[in-house]
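Each structure below appears as structure tokens.
Two complexes come next, and they have one chain in common, chain A, joined by chain B in the first and chain C in the second.
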Partner chain A sequence: MYSRKYATAAAFILPALILIFAIDLYPAIRTLILSLYTPEGVFDPVANWGAVLSDRKMLNFRSWEPPYGAIIHNLIWIVIHLPTTVILGLLLAVLFRRVKGKAVVQSIIFIGMVIPMVVGGLIMSFMFDRSIGVVGIAARLFGTPAQNPLRYPDTAIYALAFGSVWLWTGFSLILHSAALSTIPQDYYDQARVDGASAPRMFFQITIPLLASITRVVIVMTVIWELKIFGIVFAATGGGPGNATNVLALQMYDYAFRQFNFNYGAVVTTILLIMVLIVSIPMVRRSISE
Partner chain B sequence: MNNNKESIRVHRVVPYRTQALFVKVFFHLLAYVIGAIWLIPFLGLLMTSVRPFGEVANLGWWNLSEFTPSLANYIDAWFHTSYPIMQGMYNSLIVALPATAVPIVLGSAAAYGFARFHFPLKNVVFTLTVVLMALPAQMIAIPLFQTMEATGLLDTFISVIIVHTAWGMPWIMFFMRNFFDQLPKNVEESAVIQGASQLTILLRIVVPMSVAALISAAVLQFLWVWSDFFFPLIFLFSSEKLVAVQRLPLLKGTHLVDWGLLSAGTVIVVSVPILIFAFLQRYYVRGMVGWTLR
Partner chain C sequence: MTNRLVLLFAGVLLAFPLFAGAAPEEPDEIPTVRLSHSWTGAEGELFEPVLAAAEEELGISITTTVLRHEDLVTLLPTQWRAERSPADVMAMRPGLAAEGAQQGHLVSVTDRIDPDDFVPGAAEVTVVNGERYNVPYIQKTKPGFWYRRSFAEEHGLVIPETWDEFMTLLENLDQLDGMDAPIASGNGDGWPLTDVVEHFLIAFGGPEMHVGLREGEISWTSDAVREVFAERIVPLLEEGYFGEPTEWTTALERWWAGDYGIYFMGSWITGMVEDPEDLGVFMLPGTEAVVSHVDSWYVSDYAENRDAALELAEWLATEGQRIHVQQGGATATYVEISPDIYPPAEQRIAEATAGLEPLVDLDDAIGGEFQSTFWGELQLLWVRPGQLDEILETIEEDAP
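This part shows the complex of A and B:
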């Protein structure tokens, strides 16, 4: 009886689990092991990790100008992009709440999430192009000579991080908007009767009730910012002079341009550690439920 | 109770009517302006793609003093001599269709197993698959590259299809299990009592109730595979095997970017996700929200 029940369960579950084990879990473990060996095949984690972490493409504190190295570039991306998109998406969700045709406006802003990242990167280099881009128009309007910020090491990473706000605000917007619609109108009506001002209602009703969604948006956004690849690949290729190099790009460079799998494995393990740190609260939540 | 609420609302709206109207109009205008700002890059891309590049490069795509629309850029991109987009679209479909269908079937079956059966270590195993959702793609790329090379699968569509099938599995299982957990079990239970087999129950009862969720999962998985750049970049390199998104950066060229050609190619490649989003938006958003928020 029992064995038959287990057999049915196994028939449902095993094909998926075998694939997950063979293609996701096992290779991930092998990558971890690979990161402990030097390219010469000697087991020496300290030497291998040390070689990667002392590579100036990973960390570079020689000067106060970019390139700072891939790890720092990912962090810069987070510092600029995370608060901007999350807050902008939340504000827009509130602004659009009772706007007629809000579905259309929201869809337009969400398109950035639907298109391939490579296309996002190409559109960014298009926007920043000196002669034909939108940035060119703006510069001309203000009478300053147009320059492409992606061509200069000291502006490129900031230009990409700000440009990606355009791409990813839709995520924060859609999730916050979905969550907003679950807040009963009564709360606001009651607060209004009690004489609460609009900002007060925003900070004391909207923000607290959206907090759990905001947390999810933050975690997901940070994970994307850490894994960022296609945008940079297409827009700058990591240049100029490594000024926009990021972890995923550096991993590709080590592993599939130099075919140094051990260094590549270290970079992706660093990436994994950073992603895990960020996702612990979310995983813990899904376990506890 | 209901009446009471109504009266509060009426009471509050009347004295502020003009002010409220002004605020309302202002908010509407602001919202539409923001939407328009968001459209500018797409508009620029579209304008550049339908005009000769010389015209755009001299005057800017927003300048209409000279406007000669043509599909020449699209034809050039579609039949490009080195990296034809036509072939890329075809390759992307060959990869994305099986890499959507197979993980949806296998992943949903597993999700159903987790939702309906009890067995030892169930929660441990499921938690492990959920944790795998956080895995960066880079983490599996090196060993898989070695395996594909050893088995002769490198530079074949099968390699990318297999990898995407396994890669999509954890979140499909997670998403579908949450869905199955919410489905009422009593219909299935009474079917069991009447002696229906597990397969009959699945095909006759569960699948028809799950169509919307399955479409949501399929839409997200298809768009993910269509858009993914990293796996094809590693596993496919012969010029005739490249998928659509891989060809775009190559159209960029090395010296002077021909934005006419590149924008036309981009519009073609992006039209697939945008059309899917436009027509299946309900499913897409439900999948997105369900996947992240459960």
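This part shows the complex of A and C:
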């Protein structure tokens, strides 16, 4: 009886396991192995990883000025983009909670999520153009000399990170909106009877009850930021002078411009490790909950 | 009854091949050749009559795919490893083609294409271990700085014949009302900036400097190269004579509208402006060579119909070119094609570049890591000309 039950279960699970192994695990293991060999085919992990990590395009500590290297650029992206999108999405979700026609506004904000990132990058390159872009026009209206921030090494990475907030805020907004609808109205009514102010209700009811979904939003956003490619590729190509280079772009550069798949595999493995560092705690927490 | 019917049906089925064998022979199947190119929009439309004529004259069927360089660099290495290719006849950049030729994925055309039938250098875009791999097609030259003749006439601008006159022209342009900058700086990934820099290197360092840099015989940090940058390009950047890098088609529109005075671009802009008749072009004084981008075809080693693929490539290099250049947008590399068949704008380009040494595009020829570094560093130079030495050192690190 039990063996038949297990056989049925296995029959359902097996196709998924085969697919996961073929599409996820096997390529990941092969990439990891490839990263341990030099381009000449010699097993020398130290040399291969050392060559990549000492490349100025990956890490650059020559001066305090950009470019800092792809790893630091990804971290800058996370520091700027993560809190901005998560908090903005949360605030908008709370703000629109009781607004009539909120679905229309939320859908408009969500458009950023459905736009391909390469198109988003192209839109940004025009957005920042000093003569035809909305940012340039706004700067001129305020009497500020218009300058395209994407063209200057000291502003380019920040312009990209801030400029891409609209592309991802919809994700935070939609998830937080959905989670907000699950909080019983009674909690707020009771708190109001007890004399709680709106900010206190926000910090002591809304935030704690949204914590689990906020964690998901944070993890997914960090993963998105780590694998950012299309926006940078289309808006700046990693320039000027590598000032906007990021890990995924560097991986592309190694693998498909230099045909150096071993170096590309090292960058992929670095990305994998960074993603695991972020996602494992969330998965463990989800299991324990 | 039913059994008899089944037997009868089976008998007919069995006998069918016998009758079929006696039937008149089917005509031979038309060979199909898969071709990929990167032209879209107006450029793609110019190629359509060529393909139609090829099918008619060669009696083949051509299936066409548009594959840009960005697609090919990710697609080809993986397909090559699996001993496949996305097309039998492909257009691609020389750097990528050299990689494929080195690894044996492309067919040598050394015995099929005579370099003397083409303009100098056109048949030698991809030479690996003494074997030639590219079948030359049309060429797009980068003849110099474009200007609107009506604009120059209206403002009394004089086309320069010396460096001093060039500087005077820039000063005069800079003083015009509504002028954003005298020279438009097109930007893409950075490639338009490399074109103008290459022109300065050829004009002030000679064609030998261009070739030496391409071959890795001259260092980017050498005094001679640094001098061209420091004395010719950097002063113009510091004076603000070059505009801020702007997406190149937007820069083209703004230049045409009068926001910029002159614009360094390739001959393809003749098909992108409202009135090609209004176009004028001049080179920096002393220029003895011109960079041409030769569009080439490469035949895959994995072509199913290799003979038909080679035949098509050869036809494109000769008769195909004739049909293409008659429509404008490019000039021919096949020497049997007379410039008389070009539209007026292309005729002017042919006249302007006659007698000049043709050179292949520097960064296209090298490709790989150098190309992306070169593009990115020139973008940096445009906004930080004071960092010249550091920029040249970075370029040198990835140079051949």
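Simple rule for what comes next: the second predicted complex is superposed on the first by the 263 of 289 C-alpha atoms of A that agree within 3 Å, B and C clash if a C-alpha of one lies under 4 Å from a C-alpha of the other, contacts with A are read in each partner's own complex, and residues count from 1 in each chain.
Simple rule for what comes next: contacts are C-beta pairs under 8 Å (C-beta built on N, C-alpha and C of every residue); 3 or more make two chains touch, one makes a residue touch a chain.
Please read all numbers here as calculations on a predicted model, not as lab measurements.
Overlaying the two complexes via chain A brings chain B and chain C into a clash. Look at A:19: by the touch rule set out above, it reaches chain B but stays clear of chain C.
When the two structures are aligned on the shared chain, A:109 is found in touch with chain B, with no touch to chain C.
Partner contacting the larger number of chain A residues, of chain B and chain C: B.
Residue contacts after overlaying the shared chain place A:74 against neither chain B nor chain C. Within the superposed three-chain model, A:132 lies in touch with chain B and with chain C [touch as defined at top]. Looking at the shared chain after the overlay, A:240 reaches chain C, while chain B stays out of its contact range. After overlaying the two complexes on the shared chain, residue contacts for A:206 are found with neither chain B nor chain C. Touch criterion met: A:256 reaches chain B and chain C at once. Residues 125-126, 129, 131-132, 252, 255-256 of chain A lie at the contact with chain B in one complex and at the contact with chain C in the other. Note for the complex: chain A touches chain C at residues 56, 125-126, 129-132, 147-148, 151-153, 237-243, 252-253, 255-259. Chain C contributes residues 73-74, 77, 99, 180, 187-190, 244-247, 250, 254, 259, 367-369, 371-372, 375-377, 379-380, 382-384, 391, 394 to its touches with chain A in the complex.
Interface residues of chain A facing chain B in the complex, by the touch rule stated above, are 5-6, 8-10, 12-13, 15-17, 19-20, 22-28, 30-31, 34, 92, 95-96, 98-102, 104-105, 107-112, 114-119, 122-123, 125-127, 129, 131-134, 136-137, 166, 171, 174-175, 178-179, 186, 189, 192-193, 213, 216, 220, 223, 226-227, 229-230, 233-234, 248, 251-252, 255-256, 261, 264-265, 267-269, 271-272, 275-276, 279, 283, 286-287.
If you check the complex, the residues on chain B that touch chain A are 5, 8-9, 12, 24, 27-28, 30-32, 34-35, 38-42, 44-45, 48, 56-57, 60-62, 106-107, 109-110, 112-114, 117-119, 125, 127-132, 134-147, 162-163, 165-167, 169-170, 173, 198, 223, 226-230, 233-234, 245, 248-249, 252, 257, 259, 262-263, 266, 269-270, 273-274, 276-278, 281, 284-285, 288-289, 292-294.
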